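Residue numbering begins at 1 within each chain, and the chains themselves are lettered A, B, C and D in the order written.
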Amino acid sequence: MRFSLGCEIGYDIAEQSTLIFNIEAMNGGRQDVISENLQITPFIQADYNIAEDTGNRYRRLIVNPCQLTLRYDAEVELRPLHAMPDVIDEVPVSQLPLDILPYLNPSRYCPSDQLARFAARQFGHMEPGHNRVTTICNWIHEEVDYISGASDTSTTAADTFSMRAGVCRDFAHLGITFCRALGIPARFASCYAWQLEPQDFHAVFEAYLGDRWYLFDATRMAALDGLVRIGCGRDAADTAFSTIYGNVNPLAMRVWIKALNADPTQEWTTEAVSLAKD
Amino acid sequence: MRFSLGCEIGYDIAEQSTLIFNIEAMNGGRQDVISENLQITPFIQADYNIAEDTGNRYRRLIVNPCQLTLRYDAEVELRPLHAMPDVIDEVPVSQLPLDILPYLNPSRYCPSDQLARFAARQFGHMEPGHNRVTTICNWIHEEVDYISGASDTSTTAADTFSMRAGVCRDFAHLGITFCRALGIPARFASCYAWQLEPQDFHAVFEAYLGDRWYLFDATRMAALDGLVRIGCGRDAADTAFSTIYGNVNPLAMRVWIKALNADPTQEWTTEAVSLAKD
Amino acid sequence: MRFSLGCEIGYDIAEQSTLIFNIEAMNGGRQDVISENLQITPFIQADYNIAEDTGNRYRRLIVNPCQLTLRYDAEVELRPLHAMPDVIDEVPVSQLPLDILPYLNPSRYCPSDQLARFAARQFGHMEPGHNRVTTICNWIHEEVDYISGASDTSTTAADTFSMRAGVCRDFAHLGITFCRALGIPARFASCYAWQLEPQDFHAVFEAYLGDRWYLFDATRMAALDGLVRIGCGRDAADTAFSTIYGNVNPLAMRVWIKALNADPTQEWTTEAVSLAKD
Amino acid sequence: MRFSLGCEIGYDIAEQSTLIFNIEAMNGGRQDVISENLQITPFIQADYNIAEDTGNRYRRLIVNPCQLTLRYDAEVELRPLHAMPDVIDEVPVSQLPLDILPYLNPSRYCPSDQLARFAARQFGHMEPGHNRVTTICNWIHEEVDYISGASDTSTTAADTFSMRAGVCRDFAHLGITFCRALGIPARFASCYAWQLEPQDFHAVFEAYLGDRWYLFDATRMAALDGLVRIGCGRDAADTAFSTIYGNVNPLAMRVWIKALNADPTQEWTTEAVSLAKD
């Protein structure tokens, strides 16, 4: 399916500052950027880099005092892999690829060590596999309230577990935390999310199952095969859409995504979905 | 029922220090101290006080460098009130006695504000009353593992809720926290506990229901009508058996309690039990 | 000095709810309520109570769905005790009155156990006395930024110590925490604060020194002898101006205090100030 | 300088388990493994991998129930780069290599977001460069007590900052946290540490300055040019010497390192030291 998407972000730059952006759609695997345009106003030459391990795309700008606007427009084609959840297994730690192992470690917002006992009690005796991670998502969806403003940038999955409220980022952190506690590698993914209401950047997570990363969204706010991934990493600390060094004031932000060839009668898939590299 | 109980505690006092002890059995209400003896070796004159609101009994000693030993021996008669749980109601906040209200506030180890949403989700729709607090205890007994060494003196009920492991003090803190979050006044009680294995000081909690404080023990490690209360307060911060100001090293400690007229075939009661003042 | 003060608070009551207010000025000791009026609209009979230990005054209302407004107006005379800080000693734990001891215990927002080592390092070797508590206040004033919105209702003094930002309530909690860690009883006090800008309820703390409670304000935002105390307790958990049980929406709030006989050229006192009962 | 080093670790394996070890000395850059031997008893074939980004060396074993012993012996030559601290600059974020940027992000034990304000207050106005990181280490050495048992596996740098006590791992975490908060990339390094008393695995940190990673040890317990690095990562979560999946009981552990050609009269260097790849 093909999507037209983008965002526009403004900043008030009060002193010379460095800004790093990760807002461009990943390109590769099952997600092809057909066309795109990044407009920086006023025009500033930006460093461009693609992280080797994740494919995250970074623009780094050194900006003098001004009103800065970034506008990104892209057309992206998703060719999701769909699979039957029943046949997707977990991978024993003994067989995980080495570069996947760090996604088992606790991270800033995903202290999997702290929730290990609960995860084992609640999900430990279930059949391993894709369905177990879906059960985790169902549990989060049932037991945690989606409430804007319930969390802040210091909220960990352990806080969310106690408070029982959060936003998409917190739902993803909690899912990742339970997975890691069970020995399932998991990572955070930021994305443009088709049909998300209201439109904004979205956060979901990926679990490594079988031979690839599968998508999960405990919020159930968007279709899995309508997620255009931007960045992935250990948790939100690795995948900020902007990182700012300097005296900078964020102004308005707008995010959008539209399907160019959607069948409006289509139901959201109940199959497993992967958009990562094979 | 009548109990013979006591404790012996040793300290290595390295410099002049102040020690405050709360190890003597409460006297009054449904708990009568028949006889008792507190032996301090070497002999030191101790300040003696009974807190007006709780009945806690304090000994304050100023001790010069020495090996200090306290030995407490007592015979205590319990005349517990037994009642049918079904007929014991909660008291609406609008009708609670004023001096009970502070037991609704969050405290050091019982941050009831943090677990309020969970408490409401899990227990909020239940019929108010003694049975609801029993359900809370059952939940804790099911969901938290009793593990020596799983917690320390900084562990709060929110930590225990996440970690799902703790000791009697943590079980009591979690019960108190859930009660307060639901509008049920609750307090911590330290005690000598008949049949507790291994023998030690024990911690349980009391909830204010109907017109009095009822006892609850989420650990199920001792009979409710075999609990000889020592101190009660908002949480463990208020009810330490010893508080030390100075350079003091604790040595060995021994705690004991025996029933003088027990019927060994007796089952633990399933009725509501109160030992507090009417 | 005499003050005219008051507040007006509105609530949208969506269902029958119980509200407990502690907004009336304490009456007694060195603070006399000359005249006062509490107007509840619509008129609702309120339970009235004065806590024996603290003198806090509580109104408890059972309110049916409505728009509720409370307006409190009072004239209060302060007759502060002024004393030379140099001669005010700390009281050794061995000589503290029994009913003061609980103010040495850690509480919800004042985990004095967690900051004990820092307090000992930073303030432990100083001469005991009123000046030591002033040094604590100076340290807080230097090292913590006063920033509205930097904290929320779950913020403890340990959080404030790490984050180095907070509001008056956080400054008071941190002062209390350091005091308790050093063996100085300390408690939280809410008040009307003359010259506070912008006008609002204020939070300060009291330390027990010599034979009474002395006032301290690490924010330096108001004169100590212009503080009309409303409630005091272990920390903010004990001294909320309103506690709400039910589905209630707070509306606008207004707080005011004016000096009726102020000398506008007067400097803030540098002497020790106590307004508590002798 | 050349070192003979090693370790011996035992485990009681109760069920088939997967163990991942990172105990072998890094090989490359300014650290050459001259000879080495890893003996696994009973003999078990181990997966062997070197992480591309860090050079960490991993052995993965699938072990059936048994008493497992690993013994590692190696001879390692260090050819440290020594440099004058005064001329080593920090690298502005605008010029940092992309693969270094993740070491600016907060991680499980290094919540640099939480201590950002303190770091800016305390170290923000200092001249950037190697000396600033040394000042950070001096601050930690002065303000935090090295106390065995003061922390556990859930202790973060924010906890250590409040508690003011910890072990080598906590000292490293706090140093990393301050660096990241100031925009200096920093990472955790586990190592064999010559002259460390008592002998054990040691933890230090590296900051990215100039064009390379420089070593820092806030504990001052070992010479920087006597550190044979084993693993590096974002924090201790990435650099465990053993990671265990299964029912496994650790038994005794022994660690040793000796200099083969040490000049016993040599003072510890006061120069900057780097042992990482150029």
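As a convention for this text, a contact is a pair of C-beta atoms (placed from the backbone, for glycine too) under 8 Å apart; a residue touches a chain by one contact, two chains touch by 3 or more.
Quantities reported herein were computed from a predicted structural model and do not represent experimental measurements.
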Name, by label, each chain that touches both members of the pair subunit A and subunit D.
-> none
Counting shared numbers against all numbers at the contact of subunit C and subunit D, is it over half, same, or under half, different?
-> same
Indicate the whole-number Å distance between the mean C-alpha point of subunit B and the mean C-alpha point of subunit D.
-> 45
Subunit A and subunit B: spacing of chain centres that average the CA atoms, whole Å = 47
Subunit A: positions in contact with at least two other chains = 114
Please name which positions on subunit B make contact with subunit C in the complex.
-> 18, 20, 49, 51-53, 58, 60, 62, 92-94, 98-99, 101-102, 105-108, 110-111, 113-114, 153-154, 183, 233-234, 237-238, 245
Going by the contact rule at the top, pick out the subunit A residues touching subunit B in the complex.
-> 114-115, 117-118, 121, 143, 145, 158, 161-165
